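Presented below is the structure to which this report refers.
The letters A, B, C and D name the chains in turn, as written, and every chain counts its residues from 1.
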Amino acid sequence: MSVRILFIGDIVGSPGRTAISRELHRLVDRHAIDLIIANGENAAGGFGITPDTAAELYRHGVHLLTSGNHIWDKKDNSGFLDREERIIRPLNYPPGTPGRGSTVVETPAGIKVGVLNLEGRVYMKNLDCPFRCADAELEQLRKKTSIILLDFHAETTSEKASLGWYLDGRVSAVVGTHTHVQTADERILPGGTAYITDVGMTGSFDSVIGVDKGQAIQRFLTQQSVKFDIPKKDLRINAVVIGVDTKTGKAVSIERINAAC
Amino acid sequence: MSVRILFIGDIVGSPGRTAISRELHRLVDRHAIDLIIANGENAAGGFGITPDTAAELYRHGVHLLTSGNHIWDKKDNSGFLDREERIIRPLNYPPGTPGRGSTVVETPAGIKVGVLNLEGRVYMKNLDCPFRCADAELEQLRKKTSIILLDFHAETTSEKASLGWYLDGRVSAVVGTHTHVQTADERILPGGTAYITDVGMTGSFDSVIGVDKGQAIQRFLTQQSVKFDIPKKDLRINAVVIGVDTKTGKAVSIERINAAC
Amino acid sequence: MSVRILFIGDIVGSPGRTAISRELHRLVDRHAIDLIIANGENAAGGFGITPDTAAELYRHGVHLLTSGNHIWDKKDNSGFLDREERIIRPLNYPPGTPGRGSTVVETPAGIKVGVLNLEGRVYMKNLDCPFRCADAELEQLRKKTSIILLDFHAETTSEKASLGWYLDGRVSAVVGTHTHVQTADERILPGGTAYITDVGMTGSFDSVIGVDKGQAIQRFLTQQSVKFDIPKKDLRINAVVIGVDTKTGKAVSIERINAAC
Amino acid sequence: MSVRILFIGDIVGSPGRTAISRELHRLVDRHAIDLIIANGENAAGGFGITPDTAAELYRHGVHLLTSGNHIWDKKDNSGFLDREERIIRPLNYPPGTPGRGSTVVETPAGIKVGVLNLEGRVYMKNLDCPFRCADAELEQLRKKTSIILLDFHAETTSEKASLGWYLDGRVSAVVGTHTHVQTADERILPGGTAYITDVGMTGSFDSVIGVDKGQAIQRFLTQQSVKFDIPKKDLRINAVVIGVDTKTGKAVSIERINAAC
């Protein structure tokens, strides 16, 4: 028996939520999905998440939200993150950080899936070692379930691939997020871990990684900060479908999704 | 009439050259290739290029080599780069840098193709502005041919996508290199420019972006420099085939290649 | 005959302006100052400058303001920078950047002093090469005067010292800014250029480089952005007094100032 | 009663060791020094340290060596660091790193002094949090002595000043190293901790932070790695003398030294 998990790449702003509202149910049917996880760090206007935007995503069927560096963009949501069990943030933030870094969710059929979120350090923040944090947290999670998915939110391909190989055989899947561009390197590593460097992005593709392309270009040309608007055309969902053997926790399949909405 | 260009992602070490020797001719036949360009910055032992490794790649059929930050890893090859017309390096290095940043090559059928190489600045070196360097160089190149391909060797998805949109309609193709992981976002932009964020890598895929995976993991765990060996198993060629209308210089097709060797 | 220039390190917020209002006239008298230049990038609330804060500094006697990366923190002041001849910004920003990167001011006695502003690139923005920009601009400035001061706004000691040595004998002084901590390495290089790695800061020293020390610590502990308040105690002016021979443009003296206010 | 500690800034290559051999005894006499600590990360040829260069420094009177990022430049010295009790390396490297991050030394008169070494993270490596590592280690060290000195090897002034204030009242001194330029901000913080952002460098000052100035300039002009030679002229010792009350562990004085040799 296998459980089929849909993991959706960073949902960017209202166009990202619109894409979800239009196409998610079709993806769920077509791919016989049991559990829907999405990275929501950009769900609210491209920067962070709010109770309302999260609620909208739950209504559309998302079971759990992971996140990353942008989860902190909305100020004063630390109470929200502490309360809200359906959002996790990277585990390797310092002690005292609001929210939680892993959780166990149940599919409607009652299968337990552990979900872990980590953030890379190369060209990002000064966080705790994601490799060692994974070691410690997996020891706990594996007591509860052998089906475990990790969202590794990181910039460089080397840090992502290294953690994928490091955890091969110890988790069901390592899926990368953060670059907003889907990579074509999905595979099942020899130990049974499904891996992809980046799942990509959900929102407007008439854009530079989800934001207005003229403004993105301006930032490079002027070397000054530019306020980014979120364009609304050419909506797509980037995701992966991962099949996991429920007995062994090994991945049996990983398939990329790039769905126009 | 169209010209069909095969652009091959960073060739890493002798396993990368072996992959080329085994499979290139088959790719050329299957895809009716007119011109073969490859990024050779890692061709010699993973770091830089030498006259011998370049000659080996020419023998296998490569017409032109582009490069990037690693082209300088072999010391004392500035004379080589100055002499050798079949290798280009990123144009936006400082005045006085050995070698050249663009060239015009001819296909066997006599069609002229301009090739430009630029390097990104985000999380890389302090080079000249790639956007403005492109503007200036294209003015010259377009006098010679309207078929122009740019290898943009850069780290972040935002810098690559921004330059792609910036040049849309002015070049036939913008292909990204440097991350060694192929992205799944190939498309033809509205103005007629074929675009992909990263073409990927040619060499051993039993690796972290071409180098020994245990050593790559060690570097992250210890935060110390580690000497990288180049593994030899699971050889693949990552590339794109780009079709360009010879009259207009507009791209008519872009197809990803991920060929086991 | 010599001209005596007082160069004041980054003025931070209203405490910095208060320090100037209290002590500047005494420094001018004691050190027989002919010309007063100050880095004003943090003059308004710690971030950027406004017409009002600039006017306040002119009233206290400042003749010219230099700046750096924070000059852009106040939005919509590009018109102000274009108009206002008494503020310069780093010259090596991209073409099209508002404002100017150098100027020639006259002391009350009619001696012309060229002032140039550059920004470093290491761990900062992707700007044009400060070494080459200096070469080009000095060629112009030297036609107008041989007394030239450069404010090099940069992070690392190696980039600052390198530019100092590079320009030794071609400018009267290279004074560093940006780190907000005064260095003790002032000297006159063999070619006659006065040099100091960093002039330091003007404002509250009951702080971490001018901002609330508890908030600064919080940012490191939490790895999250923290809004910074500007404390008001323990006011000091950090500056240097540079004496320049008006015939040769060579520096004859450089003296550090660290004045409690 | 007070103990007087001489802390010497990064000793660079054989010119740095020569400076020590010539002047250290005079400094010790003039300042009535009880304990001599030096940062030795650049003692051997500018990069790392060897058993021989360390032995030479002990012979000249140095009691203990601290270090920083360059301590790892000499390969295969992990056994040396494990064995050698008179060298410490930054404590906040990952578990399993050779060597130790703190120690307790005794002055000839039998006074115990705890010495701790930490490395910054901003623009440096992905290490453990220096603030929290300090908390944990001080709890242990304070059981052995109340006289404690920290060498914080870091790049930015904000990270250094923040840790200084964070530890004010809990250690006798926080001295910064790594930038190789002495700062003029030495003071005793209100809680009794002596503080300086950077002690500076010991070696040739006819240089860019200890290395050949022409080569340093070349690196900026060419954006390529340049092999650095260590110049030999204009030798200086940069250091601080810190007086600590042996009863309370509070600092009673801090004085900068910039001695020509």
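What we mean here is this: contacts are C-beta pairs under 8 Å (C-beta built on N, C-alpha and C of every residue); 3 or more make two chains touch, one makes a residue touch a chain.
No experiment lies behind these values; they were computed from the predicted model shown.
The greater number of contacting C-beta pairs, out of the two interfaces B-D and A-B, is seen for A-B. A straight line joining the Cα centres of chain B and chain D is 45 Å long. Centre-to-centre spacing of chain A and chain B amounts to 30 Å, using the average Cα coordinate of each chain.
Each of residues 94, 126-127, 129, 132, 220-221 in chain D touches at least two other chains. A complete topology is adopted by the chain contact network, contact being made between every pair of chains.
The residues of chain D lying in touch with chain C in their complex are 123, 129, 131-132, 155-159, 161-163, 165-166, 179-185, 197-198, 200, 208-209, 213, 216-217, 219-221, 256, 258. For chain C in complex with chain B, the touching residues are 94-95, 121-122, 126-129, 132. Touching chain B in their complex are the following residues of chain D: 72, 93-94, 96-97, 125-127, 220-225.
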